[in-house]
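The following pair of complexes shares a single chain, subunit A, combined with subunit B in the former and subunit C in the latter.
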Partner chain A sequence: MEELKKNIVNKITGHFADAAVKAYDGNRVDFTVKKETIPAILFYLKDEMGYNHLSHISCVDWIEEKEFELIFILWSYTDHIKVFVHTRIDRENPVMDNIDMIWRQANTYEREIKEMYGIHFEGLEAPEEFLLEDWQDMPPMRRDFDTEAYARKTFWDRREARADAQDVRETITKRTGEELPDVAKKYTR
Partner chain B sequence: MINDKESQKIVDIIQNFARKHSLWVLAYGTGCGAIEIPPTMTSRYDAERLGVRGAATPRQADVLLITGYLTTKTLKRVIRVYEQMQDPKYVIGFGSCTINGGMYFDSYNTIKALDRYLPVDVYINGCMPRPEAVLKGFAKLQELIQAGKADGSKKYKENLEWYRANQKEVIPVWRMPEFNW
Partner chain C sequence: MREKATTLYLGPQHPGITGNMMVRLKVEGDTVVKAVTEVGYLHRAFEKLAEQRNWLQTFTLMCRFCVPEPDPVEESYARAVETLEGREVPERAKYIRVLVLELARLGSYMLWYGGQAGSLGLYTIGQWSVGDRNYILDLFEELTGGRVYHMYIWPGGVRRDLPAGFEEKVLKTMDYMEQRLKDYEDLMFDNAIFRKRTQGVGIIEPEKAIEHGVVGPPLRGCGIKHDVRIDEPYEVYDKLDFEVPTEDGCDIWARANVRRREMHQSIRIIRQVIDQMPKGEFYNKIPNPQKWRLPQGDAYERTEAIRGEVGMYVASDGTEKPRRVHFRGAAYVHAVTLLEHVLVGENIADVSAIMNSLGTCPPEIER
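This part shows the complex of A and B:
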């Protein structure tokens, strides 16, 4: 396992000058690369190293740093090692290379990320809508989207819960006259 | 003969008695509550002894169960389904999500109060309601039917404009016909 991992690190850092090892534990290796290198590194991992399974494309909104992080998660059936490829893109102008010619299933993940985060994948073949229908606001998974304010604005105001459902334990103790145990007191509101 | 009021009352009693013992529930689940329906239907709780059975299509069903959270996307389908059902028809709101949003109170795509969009005859609270609670809900619905108070579909027809306005508030692009029945 350790030798396999070292081999991966050596090969990747040897081939791609901007690839840096981010984390390295268990059966997983993380790399950070620049946005431009993504198609090349994924092609290399798939064709040369045998990482031919794309598990997922994940997205993180780093609002403080004004960046989106995209994470491509690959798996090898022969090595049993996960390879995570991280990249950061600009939050103001989120454009990314489309990789669905490498893996067909990437199309689904990219369409989801496009709708939920508003990241534009160049040349992505996708119909207008995927999960959200007739969505007119900003992409809802962005961190500056206030879901509660949106829900209050769009939907009927929330009904309050029943008065006796506010704290079940206290209601029961009042009714039965029992003393509340200390363990339970810690959790009562 | 059955045109006079006294005879109509007797006919209603017989009719309601027949209706309450033959509730065909549309086999359609929204959200997580549908998982409580199989235990309610199978041997342990055996809802069929109350006349509660599954129906395959909306046109054959009497009861529409809204089992749990309802997204605006599903609401479109539910409206079409409800309007295709034939009278007598009843709606049961199932779980706290249909009452006040439940744990999805701040979600951007689930409705918060079902009775603004469809006429609800019985609410079953709980998250999730257990099969006992579901049976209690059905028993309550039977009571209402016998008393002639389960008139949700009548309410819906009378206040259609109000319901439509509310529905169009959360469904901005209305691609359905104005009347589905």
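This part shows the complex of A and C:
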């Protein structure tokens, strides 16, 4: 295992000068690269190193640092090692290279990340909406999206959300004008 | 005269569809020429909610990601948090987790039997298997208090120990299941209709399978032997003796056979787990959840569910709340790009059978 990990670290750092390595115990290796290197390093890992299973693509919003982090998690069926490829992109102008020609299923992840974080993948072939419908607001998975304000704005005609200290019986009495039965009065606050 | 293509909307309300989703088909005659998966009927924003809750409150959301088989999701989350924190899990808890996971696998395969047979018009099997699944749900009810959502496998171990006499009940249920499985198999796999409708239908070429990220029984139905339980053994799977069945057909028949054989392996695992289970602690207590801070960093852990590999990515910024919790479902890959690829050239009547054989599960696509 350690041999294999050393081998992959040597090969990647030899080929990609900007790849920063972070070591972990067990079967995990992490690389952090510039966003321009992403398609090249993924192609290399898949075609040359046998990391042919794309397990996951995730996105994290580091709003304090004004950056989005994209994480590509690959798995090798022969080496049994997990490789994480991290990259950071500017939050103000989030543009990224599309990688769905390497793995077809990356298309689904990119469509979701595009909607949820507003990251533009150049050349992504998926014009249609994926999860959201007619969404005009800020991409909802961004940290500065205020869920409560959105709910108040969108569902303004619904009754107030259930506050923790609210008594259901009192609310019903107020709404219907009915008198509470004596049995129930005993339990109201 | 050339036939004109028609658009056919399969779902979201359709008895053959596997949940709240839609497949927009372009058909010429009976043949599908284009398929597009449309989702968006079920989004519950669990991942957004998780960012506003602490690590323990997030755990209660995790099982809701997938309705038929919630335990592998809990397991992935619990293990990801443990990896991030470096928390040890007692040996007994590991065995109990495997027991729960395999019972869940068996229960979900029962539900799959119903779906797969029902999609081809064989309704009796579904009525039998969903009825028998209740015996497994009874076990879950006794163990965890819940029948469908268990909220049982949590960071640090499991929530409570096995009740008195539980092992005997499990073994008794397993004996019953083993005998019942024969009935299902006679009814389904000896049935000429089932054989004719599934052989050569919904083919995934082995070289396309890896490229499309296929996992689980559909991958093993292509003759490729990959299973997270043996590739990256978690809990105590490396101490247990079981086989990972594969078939070469690449069609629905092959996938159904993989699942049929896996059910027997699950029973075998459950018996071994009961036999080998050590005594001792079942929970490594976490600190006060309101003040429970996880170190900065991220982790990704995978578990084998009936649909294939499910994973959980968690990222922490060092506070009491997760920065990001991101679930990877097998159906996320199977039901969108792969399904759109496989359905082309198939018959309309086979669409729902193919969806069932790929383990389509919309709650996993939109969390």
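The criterion applied here is as follows: the second predicted complex is superposed on the first by the 154 of 189 C-alpha atoms of A that agree within 3 Å, B and C clash if a C-alpha of one lies under 4 Å from a C-alpha of the other, contacts with A are read in each partner's own complex, and residues count from 1 in each chain.
Please note the rule applied: a residue touches a chain if its C-beta (ideal position, glycine included) is under 8 Å from a C-beta of that chain, and two chains touch if they have at least 3 such contacts.
Keep in mind it's a predicted model, so treat the numbers as computed, not measured.
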Which superposed partner A:147 touches (first subunit B, second subunit C, both, neither): both
Per-residue contact with subunit A, leading partner among subunit C and subunit B: C
Partner chain(s) touched by A:175 [first = subunit B, second = subunit C, both, neither]: neither
Partner chain in contact with A:155 - subunit B first, subunit C second, else both or neither: first
Partner chain in contact with A:136 - subunit B first, subunit C second, else both or neither: first
Contacts on subunit A seen with subunit B and repeated with subunit C across the two complexes: 132-133, 140, 147
Interface residues, subunit A side, partner subunit B - complex: 132-134, 136-137, 140, 145, 147-148, 150-151, 154-161
Touching residues on subunit A, where the partner in the complex is subunit C: 27, 52-56, 58-61, 69, 71, 73, 77, 80, 82, 84, 103-105, 107-108, 128-133, 140-141, 143, 147
Of all residues in subunit C, those that touch subunit A in their complex: 36, 39-40, 43, 45, 47-48, 51-52, 210-213, 226, 231-232, 298, 300, 302, 309, 311, 313, 315, 323-324, 326, 328, 332-333, 336-338, 341, 366
Residues of subunit B that touch subunit A when the two form their complex: 72-73, 76, 99-101, 105-109, 111-113, 116, 166, 169-173
